[in-house]
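As structure tokens, here come the structures.
Note that chain A is present in both complexes that follow, paired respectively with chain B and with chain C.
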Partner chain A sequence: MDITLIFDFFPKLISYLHITLLILVAAVAIGLVIGVVIALIRIYKVPVLNRLAFIYISFMRGTPILIQLFLIYFGLPALLTLVHIDASRANPLLFVAITYGLSCGASFAEIIRGAINGVEKGQAEAAYSIGMNEKQMMVRVILPQALVIAFPNFANSVIGSLKDTSLAFTIGVMDMVGRGNTLIATSLHALEIYLTLSMIYYGVVICLEKGFSLSEKKLQRFEGSLSAEK
Partner chain B sequence: MIQLRNIQKSFGNQPVLKGIDLTVKKGEVVSILGPSGSGKTTLLRCINFLERPTEGEVMIDDITVSSQKGSKKEILTLRKKTAMVFQQYNLFRHKTVIENVMEGLIVVQKNSKETARKLAMEVLEKVGLTEKANAYPVQLSGGQQQRVGIARALALNPEVILLDEPTSALDPELVGEVLEVIKRIAEEGITMIIVTHEVSFAKDVSDYIVFMDQGEIVEEGTPTVIFNNPKEERTKRFFKRINREAGILESNLSSVI
Partner chain C sequence: MQIDIPFIFMALIEIFKALPLTIIITLVPLIIGFLIGIGITIIRIRKVKGLYSLANFYVSFLRGTPALMHIMLIYLGFPLLIDKLAVTFRWTFQSTSIPILLFVLMALSLTAGAYMSEIIRAGILAVDQGQLEAAESIGMTNFQAMRRIVFPQAIAISLPNLCNIFIGFLHTSSIAFIVSQKELTGATNIVASNNLKFLEAYIAAALIYWGLTIISEKVTALLEKRVTVYNRGGVI
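Right after this comes the complex of A and B.
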């Protein structure tokens, strides 16, 4: 093993970091939309949809993300040919974003649902008592507080997703791991390359954690955690 | 004018309100007294339909909402004519003091932000909290939080403010400041229905007293009549107990001192 090779590989690999981050951002964005919608469907027990939402969440929880990735990668184009759309040449990044988005959506939905239920009941009553309708109550009073309650779990989930993106290469996405694999094929220095990759992932996770904990403090200022005046 | 007609409420098959009739005139302050579990909170919550009555109707001014037929829209109209002050304050935790007061002005009454801010400041002035305008509820004492709760209700200029034991979650030394604020707005002619255990305060501030027990109005009348000449046995017993408890409290205090 040649540890100095890490200095060689580091710039080569980190130049693909933006692909990893792109997948993550897309997944979180899709996941947030799905998560809020599904959480509301489940809270209001919307007939039929509630049942479907339950199955969706339990399926995403009960199957490995790698299998989900392949299901989407092979399944979605197959479905689309039924309506005469040819998706066989679509950018694999698209399938990755959809898969991770769906996966994030399932975990966010449960996190958000728990958080909405965790908001004090008196908050909704106060909203109604000043004449708000149900939607105003939800959007202006409950959701903002629920998102703060959800934040720590949300942050954990995002970090988990970041690590999950390392599987994207399996359907041919050229991210850091994809690039790493091609380097391994040409240089035969697998250990050094994986070491480098682990350092990059670790570094990113540390940064994310730092960022999350700062935003958490900011978000929770009204919980008194930062209240200097108290 | 507010009129409750034959308000009944059951939880499951347990009747909690057994047909309450009550009329409150504009500008009147009505206090509801009664032992724990007599249905005072439930009655208050039936007035703004936080709890839908099983039977009866609520009339405020020109709108009448009936227990069963009352639509969402009617209930919303009714709620816009009322405001509530909660035992546990229930301030919006994610909003500052002034934002709490502005919220209804903007979202429900559709005022501009500037107008809302101006109105909110005026009301905060009344409850003596202008210097806390930008604090969050957690940064306030219970007494201050409740004064914000009162300001939030007052700002909407409702036909009636419903107060459910506004001081009973407070440390004893903070009760005074809140009662004082309520008294001040009572003198401004705001219509209020107050559920309270503060008997001497009720005597002081109310135009009318309602004594409830077991889901019924046992006795009602002016404070002079109810406190000096109660007719019903249950009312007499209630005041006797209250006086005894107050006495015990005082003798405890004096023995400590």
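Right after this comes the complex of A and C.
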């Protein structure tokens, strides 16, 4: 084991960090869209769709991300041949983004639903009593408060997804871990490479945590101001 | 698209045989992790000098890196350490005689310890301070109060989190296939590549994991009813 090699590997690996972050950003973006739609379906109990949404969330919560990754990787091209699209040569990055997006979508849906249900009922009644309609009530009163409730869980979920992206290499994506594996094949210094990777992940997670906790403080700046005025 | 439905059933039976290993890779780290977690929690709540910042770093580092890294670091690093010690102390022991499973269990135990310590800490802090004071007022020692009063309540409060971490580790155990363990995912890989039916095999694996998750959720709901019995009044 040669600790100094870490300094060699560090620049080589961190130059692939943007792929990891790209997967994360794509997953979070897809996840937010799915999450909001599913949460609305669950809250308004849309018939049939509500049942489907429940099964979707249960499935995503009930299977490892690795299995989901393989299911999409093998299943999606098979599905697409039905509509005569050849996806067998598509970039594996696409499958990874879709898988992590679907997985994020399920957890975001539950977080959003919990947060909207977590806003006190009196808030909605108060909004109605001053003559707001349902949309105004939702957009101006409920959602801003739900955002504050949802944020810490959302942050945890994003950090969890970042750590999950380390498995993307199993279907051949050239992210940091994928690059690390090719470096192992040529240099045979596996331990040093995994040490470097751990340091990079740890650094990114710490940055994300700091960023999230700053934004959380900013979001909560209106909390408790009412009781202060009393 | 053609899906071979009968093959899914066949794969289901074949993959199911790997269940014991998955259960071992899930439960052993959780049990050892629970003990590590208690130790870390005591260090962090009592603010033991010297160990305190070490414990904080342990929890933060292991929670901040993917479980894959822990498995690979232990799997690659531990044999080097053993071999070095073997040379210095002239052991005849070789690191290659250690089964890989042991490295996986060690790595995941460390991971579990970090997550467990957060759960246990949250549980203990959630128990009303008055409970501890009441216990001390009837003459219990600190240890008795912890063991008989605070701890049972903390476990009851943490039960949903403990269920979540169980499901989380059930899913994390799938990573062990990367270091060629024949647990559920590893077995799926073998079944898939032997028959060249990847999609069907992974559907079967997904069904097994999904079923296990639903069962553990149901069991937790039952347990929760029993454990929180004390909380549903009776005295007043």
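We take it that the second predicted complex is superposed on the first by the 223 of 230 C-alpha atoms of A that agree within 3 Å, B and C clash if a C-alpha of one lies under 4 Å from a C-alpha of the other, contacts with A are read in each partner's own complex, and residues count from 1 in each chain.
Definition applied: a residue touches a chain if its C-beta (ideal position, glycine included) is under 8 Å from a C-beta of that chain, and two chains touch if they have at least 3 such contacts.
It should be emphasised that the depicted structure is a prediction, and the values quoted were computed from it without experimental measurement.
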**Request:** For A:Asn133, decide between first (touching chain B), second (touching chain C), both and neither.
**Result:** first
**Asked** Who does A:Leu66 touch here: chain B (first), chain C (second), both, or neither?
**Response** second
**Request:** Report for A:Ala97: first if it touches chain B alone, second if chain C alone, otherwise both or neither.
**Result:** neither
**Prompt:** Which of the two, chain B or chain C, is in touch with more residues of chain A?
**Reply:** C
**Asked** Is A:Ala78 contacted by the first partner chain B, the second partner chain C, both or neither?
**Response** second
**Message:** Quick check on the superposed pair: does A:Leu195 touch chain B, chain C, both, or neither? Answer first, second, both or neither.
**Reply:** second
**Asked** Which residues, counting only chain B, touch chain A once they are in their complex?
**Response** 48, 50, 72, 76, 79-80, 82-84, 86, 88, 90-96, 103-104, 107-108, 135-139, 152-153, 156
**Prompt:** How about chain A: which of its residues touch chain B in the complex?
**Reply:** 120, 122-123, 125-133, 136, 140-141, 144-145, 148, 221-224, 227, 229-230
**Request:** Flag every residue of chain A that touches chain C in the complex, lowest number first.
**Result:** 1, 58-59, 61-68, 70-71, 74-75, 78-79, 81-82, 163-164, 166-167, 170, 177, 190-191, 194-195, 197-198, 201-202, 205-206, 209
**Prompt:** Along chain C, where are the residues that touch chain A in the complex?
**Reply:** 1, 3, 60-61, 63-69, 72-73, 76-77, 80, 167, 170-172, 174-175, 177-178, 185, 188, 198-199, 202-203, 205-206, 209-214
